[in-house]
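What follows is chain A paired twice: with chain B in the first complex and chain C in the second.
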Partner chain A sequence: MSLLEVRDLKTYFYIGNQVIKAVDGISFSVERNETLAIVGESGSGKSVTALSVMRLINPPGKVIEGDINYNNVNLQKLSEKQMCMVRGDRVSMIYQEPMMSLNPAISVGEQIREALLIHKTVPKSESKKRAIQLMNFVSIPEAQVRYNDLPAKFSGGMRQRIMIAIAIACNPDLLIADEPTTALDVTIQSEIMELLRSMKNKLNMSMLLITHDLGVVAENADRVIVMYCGKIMEEASVQDLFRKPMHPYTVGLMKCIPRIDSSVDKLYSIPGYIPHPSQFPEGCRFNDRCERATDKCREKMPELIEIHEGHKVRCWQHHD
Partner chain B sequence: MIKLSSIRKWNFPLIIGGILLFVLLITSMYPEKLATADPYGKQRLEFQVDGGKTTFVVPPVPPGDEYPWGTDHRGRDLRSLIIYGCKITMITAILTAIGRLIIALPLAIAGAYKNKFATWFIKQFNILFSAFPLIVVVLMLSNFALFIDILKKDNFIVVLLLTLFGWSKLAYVLMEKVSEILEQDFVEGEIAIGKSRLEIAVQNVIPHLIPSLIVFFFLEIALVLQTMSQIGIFGLLAAGGYYNADGDLNVPFEFDWASLLIFTYMFFGTDKIYLIIYPAAAFAASIVGFNLFGEGLRIEFEKRTSRVITFIRRIPSYVSPLKLAYEIKNYEQHKKTVIIKLACYTLVLGIIFFPQPPSLYKFDSAEAFNTIEEISGDKYKGRLAGSEENKALAEYISSELESYGVKPYDNKYIHEFDILKSVNVKASTLKLKDSFGRNKELIFRKDYAVASPVTFSGEFEVEKVEVRDLIELNSERVDLLMARGLHSKVLILDLSVPMDYRHMTGALQTLAIIIKPRALLVIQDWGFEYDAPKHATIDKLFQDTVVISMSKEAGEELLRLGEPTIEFSVESETIANTKGYNVLGYIPGTDPEYKDDFIVIGSRIDYVGDDKAVRYPGTLEAGSVAAQLEIAKKLAQSEIKPKQNIMFAFWDGTFNDKRGSSSFVSKYALSGKIKSITYFNIGNIAIKEDSKVLLDTSRIFPKNKEAQEYIQILKDNARAQNIDLQYGNLNTPVLIDMTSRNIQSLMVSNPEKEPISTTMRDNMDMLDKKQYKKIGQMLLDTIVDIARGK
Partner chain C sequence: MNKIIEVKDLTKQFAVTSKLGAKTEFVKAVNGVSFDVLEGETLGLVGESGCGKSTTGRLILRLIKPTSGDIFLEGKNINQISDKELRKIRKDIQVVFQNPYSALDPKMTISDILSEPLSIHKVVHKYQYEKEVKRLLSLVGLSEKDMKKFPHEFSGGQRQRIGIARAIATKPKFIICDEPVSALDVSVQSQILNLLTELQNELKVSYLFIAHGLNVIRHMSNKVGVMYLGKIVEIGDVDEIYNNPIHPYTKTLLSSAPIPDPFNDRERQIIKGEVPSPINIPAGCAFHPRCQHAMEICKHKMPFLKGSGSQHKVACHLIDYNEKFRGE
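Right after this comes the complex of A and B.
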């Protein structure tokens, strides 16, 4: 049994007369102790997927279809009170912008303590001590002294560490990391990813890693989903994806990674732009940017089919 | 040297607003230090003779030397009114603002969370009170008789109404603010860790809202003050005096600034415009102060590095006793902080709990209780004026004064005066017999009281008469009444139902002057839980008719019997053409400039006499006399040499038409022998039912600086004794006698929830001995301080 199983998830946004199909029928699963990465450009539906799992979609958005099963429990059917018990305790999330996710008026120590107290992980008398332990765990120096500091007194990397401490306070089974390093310096990025890897191993956690950075994926993920315009285009193990990407979009993404051993005048970019969610093309959504698009691609949406074991692709080129 | 560039950075609204609020705070806390006069004192009609020219001083008095801001139409010093009114005005405004916040905040949070009812409720209320401003609503409510008395009853009602009808704008603004906060990303982070909406609202939204709440709080107070001033101008919700639903004039005792504006419509555009300008200016200054302070705080909160905000945030840490304990424990690291904090704590606690200096002379309450026992004992048989017993009492008091060293005034202690008649209704029986021969005996003074000083007995038929038959008479109707033979009967008149006062007096006059029945049973709604006061029952309207006042319950029983026969008897004692005996002793002053000025302390020695079988000890009245004697003793035997004369007056005949106090006033005050008197009347003190002590200073002119100083000394001594001193109107015949142009009088007494004086309950059981000692000490300290020239 998978830890998290998402089936045919559709999350739409209703804005005026328009229907924005942010996530349009995706299915995936996350196994125990596994890191599943979701990659794609901005607007591909990665973050909306994560928010849908956490039931954090607010109007005008709505999950209109699909099942999200955590440990065989359908999260869509839980009451809000029951869902509060899941969030932060069994499934946690860290965000791209830690400053905006931390309450600027409450000290960092207290925010970690809040997470412990909400789910009664430790008695109140021990909560401060545990919070300091967590701060040490995520390598915040002088944790005891800095317990009472406001978030504004920390650097971006430190704040992200605080976020991680909050997220893992209750030893969740699944950690959803939504672009955890995007807003950070490159050097800090690697530290944070190292920390996440370390947490995952120590706590036997699964991770759903959302990123647009294939480098992060390569170093941290076990399996990868490539999303484009609300659809999964390719799903494979990290090794398979990097060794033999199949979908033209994935190929394009790979080509965008600059190589140290090649000298080029101009870096490669996938031609065209990601279409507006209300104006997806007919057929395969990538067809207007795909060098290998055919009439069939323009007419009909291909299914996501398994080409090799564990490797799925949504492309007419690979159907035959 | 302060640079111009740094001055530009100053938060002027905060500074100016802060100064204004500080002034308001000091004015609220220490009005007696700022005002030159007690606010309850009234300038009465006075005529002044100056170089052969007579001028009348009639309130309202315009601003001048004696009254810098003038007086109101009741003669109260306007400046003192405004200064003393500051506290109640500010409290009303602050409580209203708090009330509005309490209602607005939860609704605003619910509305921001898209609760449909909350959003709808806020919007509708806002629309309603934008279309109908609060002042219009109150104006409308004021036209309903039902609301008139309620609206003007109390400042609490003002707070309630201003809160209930004024919260919506604040709620709307807060709702938008909370929505802003909820849209911030960190809120999603809070949801992501599993917090419920309520937890987020309380733990995360409110801390963000606190700066805004603080700013809104001050701005809201300014808004409330503005509304109060508008309402005051229209004369609504104000305590300045109004005609109630029955058409009676009510003048509530307490006042605030809004009530001072009540007569705007009368005086605006006249030369008495000062009556409006000063209260309006007070309002304006406070509104500006709160607005500026609120805006100043807003500026500070918006600064990223505001020192003011940092300081405010650190206050809880600075004052936390736990933190201090931690710092003391780690003294070496926090030496300086510990010393400063301990010094501050010591200073604050010292100010709060500063020990009062001990009294110079101790009030001997044991001695006073012995005197009370003596005076209220059997020996003086209820101390009826004009009796031999009262003469003996006067002699006793004289001998006491002499033993203390108090000098006789005008060469004698006992000052006789004529009393035409002194009466005492001593016993009565009243039986009702119905047509079946069943008897019902009523209890004297519990069910009925005899209002005529006669000796009488007999059995009579009764007939009920209606008020409507006795008013608006013409000769034909009079004939009809006389034809009924009412003059030979005992009549029953039911006055216990609400009726026009004029109809009641008209009916009584018809009975007294035209019909003159044998006896009249008047059924009245006594409202007493216990027995009826003895002295209140003597009726003067009826010369030839025995008047019996009956309680409503007894009256109903009587009426249920139809028209029974009554058998009743009355035994009374009348002492005619007798003498009353005032006792006057004094301590001469040492300053020749004050040789004709007196401070007079007075209490009454007479009482209502015992009933035939029931004692009327009059302990509370005896308590006043005993306290006065104790004060006289301590002062006379001290080393104090007062600059002005201090007289101890013991009044006789206070229940009679010709009172001892009026005799004294005509003989010594009006004749000019005594030029000025400041009179302290000691009423019934230390009643067990109520620990409040009432002080009536309304008969003291605000411009009389000496008398005002005496009032302040009394207040200070009350505070020193932890006495809950309250202000009100007290009436006693002695004070009426003392209200003349050269006498300034005040009275100290306990209020009586139920009548006690001149009832059987006026005994030692009703005397609160602990309270008596405190009040006695307060009075002694006051007279000593005045005598010392403090």
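Right after this comes the complex of A and C.
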């Protein structure tokens, strides 16, 4: 049985007279000990998906449909108080910009301890000791001394380590990482991803990794979901996706990224721009940028169908 | 080929005063940088945040004044010239910024934005502004219909096209592209990179291409300079640097960048620690506290850029060491 199962999730934003269909009917599951990556460009709905799972969508946004089952418990049906006991305890989350997620006026040690106290993971008398252990665990040098330092005294990479320490404080089953390394330099990025991988293995966690970077996906994910304009376009194991991408959007995305290990004269580029979320085209949402679009694509949205085991694609070309 | 830009021993220090004004310290943002850019060529500058790559760009633009060093535009020293003369040469050196949202005045129409440089630098006669603006728009792949629109009516990629049109309006010889695609989505990024390449072929302009994305730098550049704490630690032909990096920092940087290929099994070079503060740059080689090959000499003697011809230069004591070792 899956650890997390999301079925037909729809999260819409109501702004003025407009309805923004940020997430428009997506289903997926995260198995135990696996890393599922959601990859997509801005406006694809990947972050809104994560926030919906955590029930952190605020008005004007609303989850209007769908089930989110965590360990067979429907998170939609929990009271806010019960949900608070899930967040940070069973499911925790780290964000792109660690400075925005940490309280600038409280020492990092106390912020880690807060998570332990709220969820009563350890007795109060041992909480400080445990917080320092966690800081050591995420390789913060001189943890004992730095316990009392404010977030401002840490570099970007170190702050993300603190965030990870808070997230894993209560041994969660699922860690949602929303663009965890986007704000960091490459050398720091590879350290943080390394740390996340080792934490995941040591603590037997599952990870939902949200990113726009196919390099990060290739090196960390077991399975991948490709999102575009609120819909899942393709879903596959990381090997299948890179070996044989099926959706024209996925193919285009892979071809248009310059490589560091080889060079070409002219880059492939996907024509056009990502449509504004209030102006998705009729039919397949990628049709106006797709070189292989036919009349059928402009009229009717294709279903997400399984081509072979574990590899699903939403494209008329692959129907029948 | 002619040298368009030549930079010699450029340094820039910013003074920072502590809270009570008791002590003034200096951030050594750029610390003795030299390179030249030939006609029609692209030099890529790559490095992590705080390495001084953007400051170098701003120094060449003379948006800030160098602490020491010289900048030559086609052999003419532009560091010591009067403001009036400086204004004239601004036409030859233009810039494309990272964030197309903040680089365009929200209250100006596209037509106004593109006419402004035409009028300041008297590129064409007043009566020809409209025609010229249309020509610029078509060069960057936008349509005449966009002239009367405001920046907010465009997507990020389109705005960057407007930024590029503004940069080429004065027919510059040299354009500084400061992270021009970092704020864009990957599917739009390749359009802008292709546009910059096409314009270079058509207008024979030289670029200084500043970016932190190693893949983007490889694609765009003929030559690459790798910067660390205000210094160029390795510079050379792009393929040479990427296929045969010598400086331990370059090696680390290249092996840290994730490759979109799950079947790739290259070896990672992980470095420990973080970039030191540019206020207290370590003595000797600035990279030595993080370098796994650091020797005694690295702690007190600064290595100079040297190498075989102009193709590939490295600032690292290991090369001397290896040569000596081989000699014995």
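In the analysis below, the second predicted complex is superposed on the first by the 312 of 320 C-alpha atoms of A that agree within 3 Å, B and C clash if a C-alpha of one lies under 4 Å from a C-alpha of the other, contacts with A are read in each partner's own complex, and residues count from 1 in each chain.
The rule is simple: a residue touches a chain if its C-beta (ideal position, glycine included) is under 8 Å from a C-beta of that chain, and two chains touch if they have at least 3 such contacts.
Because the structure is predicted, anything quoted here is derived from the model rather than measured.
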{"item": "Clash or fit (per the criteria above) of chain B with chain C on chain A", "value": "fit"}
{"item": "Contacts of A:Asp288 with chain B and chain C, given as first, second, both or neither", "value": "neither"}
{"item": "Comparison of chain B and chain C by chain A residues contacted", "value": "C"}
{"item": "Touched partner set for A:Thr187, first chain B, second chain C, both or neither", "value": "second"}
{"item": "Which superposed partner A:Val217 touches (first chain B, second chain C, both, neither)", "value": "second"}
{"item": "First (chain B), second (chain C), both or neither touched by A:Met93", "value": "first"}
{"item": "Which of chain B and chain C A:Glu31 touches, first, second, both or neither", "value": "neither"}
{"item": "Partner chain in contact with A:Phe242 - chain B first, chain C second, else both or neither", "value": "second"}
{"item": "Partner chain in contact with A:Leu102 - chain B first, chain C second, else both or neither", "value": "first"}
{"item": "Chain C versus chain B - closest C-alpha approach in the superposed model, Å", "value": "5"}
{"item": "On chain A, positions contacted by chain B and by chain C", "value": "none"}
{"item": "Interfacial residue positions of chain C with respect to chain A in the complex", "value": "48-49, 155, 157-158, 185-191, 193-194, 197, 212, 214-216, 218-219, 238-239, 242, 252-254, 256-264, 268, 270-271, 274-275"}
{"item": "For the chain A and chain C complex, residues of the former touching the latter", "value": "41-42, 155, 157-158, 185-191, 193-194, 212-219, 238-239, 242-243, 252-254, 256-261, 263-264, 266-271, 273-274, 289"}
{"item": "Touching residues (chain side chain A, partner chain B) in the complex", "value": "54, 56, 80-81, 84-89, 92-93, 95, 97, 100-106, 114-115, 118-119, 163, 166-167, 169"}
{"item": "Residues on chain B engaged by chain A in the complex (per definition of touch)", "value": "184-186, 188-196, 199, 203-204, 207-208"}
